[in-house]
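Heads up, there are several structures right after this.
Two complexes come next, and they have one chain in common, subunit A, joined by subunit B in the first and subunit C in the second.
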Partner chain A sequence: MDDTAGLAIALEEAQAGYNEGGIPIGAALVSKDGKLLGRGHNMRVQLGSPIHHGETSALYNSGRLPAKAYEGSTMYTTPSPCDMCTGACLLYGISRAVIGENKTFLSGEAYLKSRGVQVRVVDDPRCKALMDRFIEEKPELW
Partner chain B sequence: MDDTAGLAIALEEAQAGYNEGGIPIGAALVSKDGKLLGRGHNMRVQLGSPIHHGETSALYNSGRLPAKAYEGSTMYTTPSPCDMCTGACLLYGISRAVIGENKTFLSGEAYLKSRGVQVRVVDDPRCKALMDRFIEEKPELW
Partner chain C sequence: MHNDDSIGAALSAQDPLVRDLLRQEVEHGVLIPLKTNLELRDDYATGNILITRVPTKAVATTIDLLREMLPEEIVKGVPHLRRCAKPSDLPAHLKTQFMNETPQSRQIHTGKSTWIYLILGPESMLSREELAQALSTVEGAEEEVFIQSVPVPMVAPTSQIQAAMWSQHFWPCVYRKNNPLGPHPSQVCRHTEEIANDAAIWMTLAHQVANEAHAGGFGEPMGACIVQREAGKTTLVALAADARWHNQAQTGCTGNPMAHAVLRAISIVAQKLVRAEHREETKVDTILEFEAFQDKPLLESEQKVFEQDHPSPDGYLCHGLEMYLTHEPCVMCSMAILHSRMGKVVFGYRMPLTGGLCAEDRGREHPSLNGADGGRGLGLFWRRELNWSLVAWEWESGGSVRPSPVDMAIHA
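And now, the complex of A and B:
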C-alpha cells in the first residue's frame, strides 16, 4: 500500500479510539513490501495503560516478529510520535515514519531523523480536526 | 526505600521472568518518597509482546497515574534500558534511572543523561550473572 492507504488505516484506528471514549491516536505498521503488519490505537483510557499508545499498540498487535520483518517498514501515525513511541520505532529499526500532523504534538521527530529514520509529515487536516475535537470535548484527558 | 532495595525488587522480577522461561529483565518504579509504584518484567516470550519490556511492564503495572506521581521517581532496571524504555522514562518525566549492569546491553544511557535524567550504574554481579546464564541457555531468544 502507499502512504495514503497507510495513513487512512491509522486514521481509522484513531477514530475507533475516539468512538471508544479514548484518546484518538492511531497507527499502522506496514512492511517494506506494503503488507500491513499491525494496526492499533491509544488505549490509555480503555486499558488504563500508560504504554499502549498508537504506535506501541500497532507494534503489540503485530506480535513477535523477526528483526528483518521491520527492515524497510513504515510506521503511520496520526500525530507526531512521543518519546516512548520514538524509542519503540528506533528499537525495532523501523525505517520510515509517516505522520498525519505535528501541530497538536511534537516531540521525537528530530531525534528520529538524527538516528536515520526517514520522516514525512503529511499535514492531514482530518488528523488535526479529530485531535482538536477531542481536546475541546475532553481537555482533562489531554 | 533506598537503591539497594529498589534494585532488589527489579532483580526479583528478572528472576521471575527467568523462571517463566522468559527474558530475565526486571524493573521497579519507585516514587520520590520511596514508595513502590509498580514492578514488572519482560514479557516478550510470555505474552508474545514486543512492548512489554521490564521498564514498560513496571509502568503498565503502575497503571494510569497523574504526571506529578512520576516527579522525582526512580526507575530501577537490571540491564541498561533499550531505546523504547529510554523513551518511556523520558515521556513520563522519570528523574533517575538506577541500572544493575550495562555490560550485557548498552543503548540509551547517554541520551537519558542528555535529557536531564540522573543515571547510576550499580554494576551488580547478580544482574550480569542472570543475563549471562540466560544467553548461554537460550541464545535464540537473545
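And now, the complex of A and C:
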C-alpha cells in the first residue's frame, strides 16, 4: 500500500466520523510491508471521551500486536497529530507519519521529528475541506 | 504548616467511601507550582528601546509626528512600559547619566522640569537618522536632538514588586495584573490554598491504587485519582492505576500504552458521563480477546469509585476537575489531560526523561542521566499556543507516602 492508499483509508474514516455526527478526523496504521494494521476515527462526541482520537482509535483497533509489528509502520492521519497522539505513536515505536494537512492545526510534528520519526505532509485539499466544513457547521463541537 | 488535626478535619469532611478506601495514613505534603516554558526561558529577556526628550507642551505633537512616520505597532508602544516619564521618574543611573551631559540637560533635570522623556520604539526597528531629522522639527527641540538607547525588559512584570524593581533598574514599568508567561500568580496562590487541605488524601489514594495494581501484576506502580471540587465539597470521581501489563506479556519495554493510569482515569469519567445520559452505549468494534484501552475497573477500589455516579454529569469531559498522580505523566498522557479540560493537576514524582508537563530540560538535574538526552522539556501544562491550560504542581511528601521507584526512562 502506498501513501495515497493509506491516506485514502484515513480520509474514509474521517468521513465515517463526520457521518456519525462526530469530529471528522481519521487515521490508518499500515505495517512496514504495506498491510493495514488498524483504522479508526475520532470518537470524542460519540463516546464523550477525549482520548479516542483518530490515531488512538486506529491503535486500539489494531489490537494486541508484538512490538515488532510497529517497526517500520506508518501512521496516516487526516490533520496533523496532537501531542497526545504524537506521544502514543512514539510509545508504539511507529516509524513514519503521513499527514493529510497541517493547516487546521499544527502541534506534534516537530517533536515527532526530534524523536526520529519521518514526517511527510501531503497537503491534501480533501482533508482540509472536510475539517473546514465541520468547523463551519458545528463550531461548538470544535 | 499544617498539623495532623487539619488532616483529621479534612478527612472527616469526606464521603464515607473515601475513608473506606483509605488503607494507609494520610500525611501532608507541599505543593510546588510548576514553571512554564516561557517563565524558564524568556524571563529576563531584555531588548533596547530608543528614547528622546521633548518639552512637555510638545508631547502631543511629537506623538502625532511619530504616528505619521512609524507603523502602528511601534507607536502604540509596549503596554508594560510607561511611554512618557518625567525626568524625576527615571531610574537613578539614567538620571545621573542624562543630566550631566550638557548644561542644558542639567537645566532639564532641575527644579520643576518642563521636559518629558518619551519612548520612541524598539531600537532594532528604527532609524536614528530619520528620527533625529523628524524630531528636530518639534517646537522647542534641542539643538542636537536627544536620542538614547536603553535596555528594557521585553515581557510584562508579573507582580507589583517586580514592576517597582524594574522601574528602578530599567524604565518606569506598570504591573497590569497579568502574567504573560504563565498562570497568574494570584490564581496559583488561590488554587494552592483551595486544594492544600485535602490534596494529601487524593495523593495517598493515587499511591495506594498504584501499589495495588503493581502487586497484582497489572502495571507499573503508577496511579491516578480524579476529584471534583464544588462549593467547598470534594467528590472522588475516578480512581485508576496503570494497567500496561494487564493481558500483555511483559516482553517489550512499554507494555500497552493505552492502559496508562491517566488515560484509564479520564476514560472512566467519560463512561460515567455517558452512563448518566442513559443513552445506549456507542458500540465500538471490540477485538474481543484484547481491549487496548483497559478502561473498565480492574481493582476492587477502582470498581467502588466507578459505581458511584458522576456528581455533575452535565459537565463537559473533565472540565474543571482535579487530577492527582503518583508520577509526572508522559507526553501522551499530558496532552490527554489538556484535551480532557482538567482544571488542576498534581503529581508526586517528576519523570526526568519522559514527562510531558515540566518545562525544565529533561534529565539535566540528574547527574546519572548525563547523555541520556531527554530533550527540551515540553511544559505542556501551560502553552500559549494551546487553547487550554492548567494549574499544575509537584507534590513533595514529608512522610512515607512516596511513589515506588521506577526506571527513569519509563513513560508514566
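Note that the second predicted complex is superposed on the first by the 142 of 142 C-alpha atoms of A that agree within 3 Å, B and C clash if a C-alpha of one lies under 4 Å from a C-alpha of the other, contacts with A are read in each partner's own complex, and residues count from 1 in each chain.
Convention: a residue touches a chain if its C-beta (ideal position, glycine included) is under 8 Å from a C-beta of that chain, and two chains touch if they have at least 3 such contacts.
Nothing here was measured: the structure is a model prediction, and the numbers come from that model.
In the superposition on chain A, contact is made by A:114 with subunit C only, not with subunit B. Once the two complexes are laid over each other on the shared chain, residue contacts for A:64 go to subunit B and to subunit C alike.
Of the two partner chains placed around the shared chain by superposition, subunit C is the only one that A:43 touches, whereas subunit B remains out of contact.
Contact with both subunit B and subunit C is seen for A:56 once the two complexes are overlaid on the shared chain.
Shared-chain residue A:90: touches subunit B and subunit C both. A simple residue count on subunit A separates subunit B from subunit C, and the partner touching more is C. Residues common to the contacts of subunit A with subunit B and with subunit C across the two structures: 48-51, 56, 59-60, 63-64, 82-88, 90-92.
On subunit C, the positions that touch subunit A within their shared complex are 247-248, 251-254, 256-258, 263, 266-267, 270-271, 273-274, 282, 284-285, 287, 289-290, 292-293, 317-318, 330-336, 338-341, 356, 375, 378, 380, 385-386, 411. Residue ranges on subunit A touching subunit C, taken from their complex, read 43, 46-51, 53, 56, 59-61, 63-64, 66-67, 82-88, 90-93, 107, 111, 114-115.
Put simply, subunit B touches subunit A in their complex at residues 44, 48-52, 56, 59-60, 62-65, 82-88, 90-92, 108.
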